[in-house]
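One structure, pasted below without further comment.
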Amino acid sequence: MDEYVLRVENLVTEFKTDRGPLKAIDGVTLQVKRGEMLGLVGESGCGKSVTSMSVMRLYDEKTTVRYEGSVWLGDTDLMSIPYKKMQDIRGREIAMIFQDALSSLNPVLRVSDQIMEPLITHQHLKREDAYRKAVEMLRLVGIPSPETRVDQYPHELSGGMRQRVMIAIALCCRPRLLIADEPTTALDVTIQAQILDLILDLNRQMHMGVILITHDLAVVAQVCQRVAVMYLGQIVEEAEVAELFNHPLHPYTQGLMDSIPKLDGDSRHRLHMIRGTVPLLNQIPRGCRFAPRCPYADAACSAAMPELTQAGGHLVRCRKAGFTDKKVTPDE
Amino acid sequence: MSEQKMELTRIRKTLMREQRQINIRKFVRSRLSVVGLAIVLLIALLALFAPVISSAMNVDPYKATVRDRFQPPSAAHPFGTDNLGRDIFSRVLFGARISMIVGLSVGLVSALLGTALGLYATTNRYLDNILMRLCDGLKAIPNILLAIALMAVLGANMQNVIISLTIVAIPGVARLARSNALLIREQTYIEAMRCLGAGKHRILWRHIAPNILSPIIVQMTFSFASAIISEASLSFLGAGIPQPEPSWGGMLNEARSYLFKGWWMAVYPAVFTGVSVLGFNLFGDGLRDLMDPVSGK
Amino acid sequence: MNKDLNAPILSAERAAMWFPVRGGLGKTTGYVKAVDGVSVQLHARQTYGLVGESGCGKSTLGRLLCRLLEPTDGRITLFGQDISHLKERELVPFRSRIQMVFQDPYTSLNPRIRIGDALMEVLAIHHTGSRSEQMEKALGILDQVGLRQEHFYRFPHEFSGGQRQRIGLARALILNPEIVLCDEPVSALDVSIQSQIINLLCDLQAERSLTYLFISHDMSVIRYISDRVGVMYLGHLVEESDTEEIFSHPAHPYTRMLLSAVPSIVPGDKTDRIRLQGDPPSPLDPPKGCVFHTRCPYAKKECGEKSPELSELAQGHYCACPIAAAGN
């Protein structure tokens, strides 16, 4: 039997703004198994970060946001427990790492203090035990000479090293789920490769579920087992990695993959372009949200919103998913 | 091509109209800035028509009537009379003229000169060092002491009050302008302008200055307020605008000795000072929001 | 390739940019050697791709080439003239012939100036034409970069990132420059927008016979757009060659690692990649000898002693690594 760490069902996140409510994500459903890495990809404004923030319930629920749907962590629905109880979940059950490691670390506290804090509050360790654990965590995330690094301040570490410290903090309470929000976007490729290796390695060792949020399809292709592609607050396609990258069914996924210059492709043909730009959230098109930019769309596409349906091992939100063929290049 | 231009003129006109409407809406929506504008206008009108109003009400700001000393507010003297029997209402009106002129001149001139100093300080390290040390030195001397010293050198009249209070206000503006300009200077668009061949002055005044306007406007409302109050202190020490010329500050200082005998002597000038400072602050805030194309829409 | 036929239109010879580091009392305590003795040559109508990780000095080199910075040492030659130490005012005539496009579309436009005014201002700086001629030109250039005339009176914040980058391009091109230095012009953009801008850059190059210096950290983009590629590491040019050659036969260990670190979109690809250990050293205190030897898996003892020179491996393929040169 599959053991799901996290099941998000029909999650809706609606922001209250001066000009009325704005649905940043609209009916997101996804599951993460134990030991699985799920990639959540999409362009800016697609709602991938909002999804993770909503799962953690990090928005101010009194003033800014309204949720619908449920988020099952094991047997508890995080959306129905009191807000106060979330503090016990965050950091202990679900941990998160962010893109900007420098601003996520407190500049005036030593690395040791920042790793020890969750250990002391969540696991009630004694200070000296927590300190020993901190050194151990730094060794685990591959920081050389952890005994000296543990007493340093964040500004004394390089960018890659800081991201390693963030990972150490996130994982020190052995969470069931790790949400990594663009963990390598600010890093150089050689450092990115190191960090991805590390996350992959830890995912295998600690057998936790990982949601990797990124705009970089190639990163997902290298480390994840399953991928969900988001567009304008909805999941438009979800499949196993090999399946999705070899046979993308949704025109948006196809367009994204074609528009990336390849390291080993033919460099003298024009790059594929997805026409237009991502609409603003208050100008969401009727029917299929991708229809205005889709090369295959017809009148019926704009008439009704397609559901996420099974097709050839994928979940895909497109009426024409079976008919569109990657080989046929439509006019631009 | 001309067709295209006409089309463009049309777009421009609609856009400008839209912008105007947005601006008005933005301004009106923040009720407080409208209140601020109303206050400022009201006081300006009172100051402008002070002689007309006074003579219509048959009161004179300069005429001392010993018999009428310490009259409480009444129909003849709406704000009462002072220790020399002069009508406080008309003195407040005439005082508005002086306070407004002093406050506005000091606010505007110090904002302009301070901004210029702050901007040019960012262009050269040596100039920066000299100017900023000078500002530090000036700031180290208590404002009022500096103003008194300057008045002693220059001689007591309104023009010199404005000059010395402006000199006192400049270092604050200059520091503020400098620190904000240093932030803006790091923006890529400044580098882009250099790359396009724009000269130093164009970059400073067209590209940096408008972007540091918000804090300068706020500082200007502060300078305005403190100028009114400093002028009062100067008058009190006999280093300000000479008697019998009425100014709010001067009146307040006179009233200090008679707080129990004639509270009205202090209350009315104080209320007017406070309300006009408030009015300028509110108006300044509204103005600042208007000038920012990004805020609200 | 045709280097002998026509001289480079823009070149740097052993250019260096050392930024002084000041201590507490304004005393210079050391130098950040952002660029340290780099020579590059740009030929007309070509695209030179400059690639490297953050802090390698590629952007600084770009700013040296268009003289936003004055080199500490070495020479910058533009259209056959030495511009290394010209004053700001003397540079103005050159500005219209060499322009720059910046990385961050959000900070590269003045938020308080309408797009049309910003474009016309560029022409006003160079005293080109009457106001109505300037307007015509500004409208023309907007059209060329794929914007509409109703955008003329809009403020920057009303545009998306991709549109802003088009505006940045319009501003650079309005003076009809021959050379455009592109500093990571697509790095801040989403993939679907990135491809639009890259295609636009290619189209404009063909239409206007432009020469590009294309600075990027993205190997795939560099490969797509460049004719010739230079790889920088810690202020040094470590390898330079024509694009096909460098991507099919990378010689310098750093180039190889860089290429193997790029994740591929094909799942399960590159399981055998060579991992680069550790972090790049600080440019404030670069290693002695070869700057790469602290992370190089092939490093020998002598690598830490002598700074290697670029040597020609194959025709037009230069590499600053004696081991690669010998073992190839």
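For reference, chains read A, B and C in written order, and residue numbers begin at 1 within each chain.
To be clear about the criterion, a residue touches a chain if its C-beta (ideal position, glycine included) is under 8 Å from a C-beta of that chain, and two chains touch if they have at least 3 such contacts.
Computed from a predicted structure; not experimentally measured.
Comparing chain pairs A-C and B-C, the larger number of C-beta contacts belongs to A-C. Farthest chain from chain C, judged by C-alpha centroids: B.
Each chain gets one centre point, the mean of its Cα atoms, and the points for chain A and chain B are 53 Å apart.
We define each chain's centre as the mean of its Cα atoms; on that basis chain A and chain C are separated by 32 Å. Note: centroid distance chain B to chain C, computed from Cα atoms, is 49 Å. Chain C meets chain A in the complex at residues 53-54, 160-163, 190-196, 198-199, 202, 217, 219-221, 223-225, 243, 247, 257-259, 261-270, 273, 275-277, 279-280. The touching residues of chain A, counted against chain C in their complex, run 43-44, 158-161, 188-194, 196-197, 215-219, 221-222, 241-242, 245-246, 255-257, 259-264, 267, 270-274, 277-278.
On the side of chain B, the complex with chain C involves touching residues 1, 4-5, 7-8, 11-12, 15-16, 187-189, 191-200, 202, 206-207, 210-211, 292-294.
Touching chain B in their complex are the following residues of chain C: 66, 68, 88-89, 91-92, 95-96, 99-100, 102-104, 107-113, 121-122, 125-126, 132, 135-136, 139, 149-150, 152-155, 157, 168, 171, 175.
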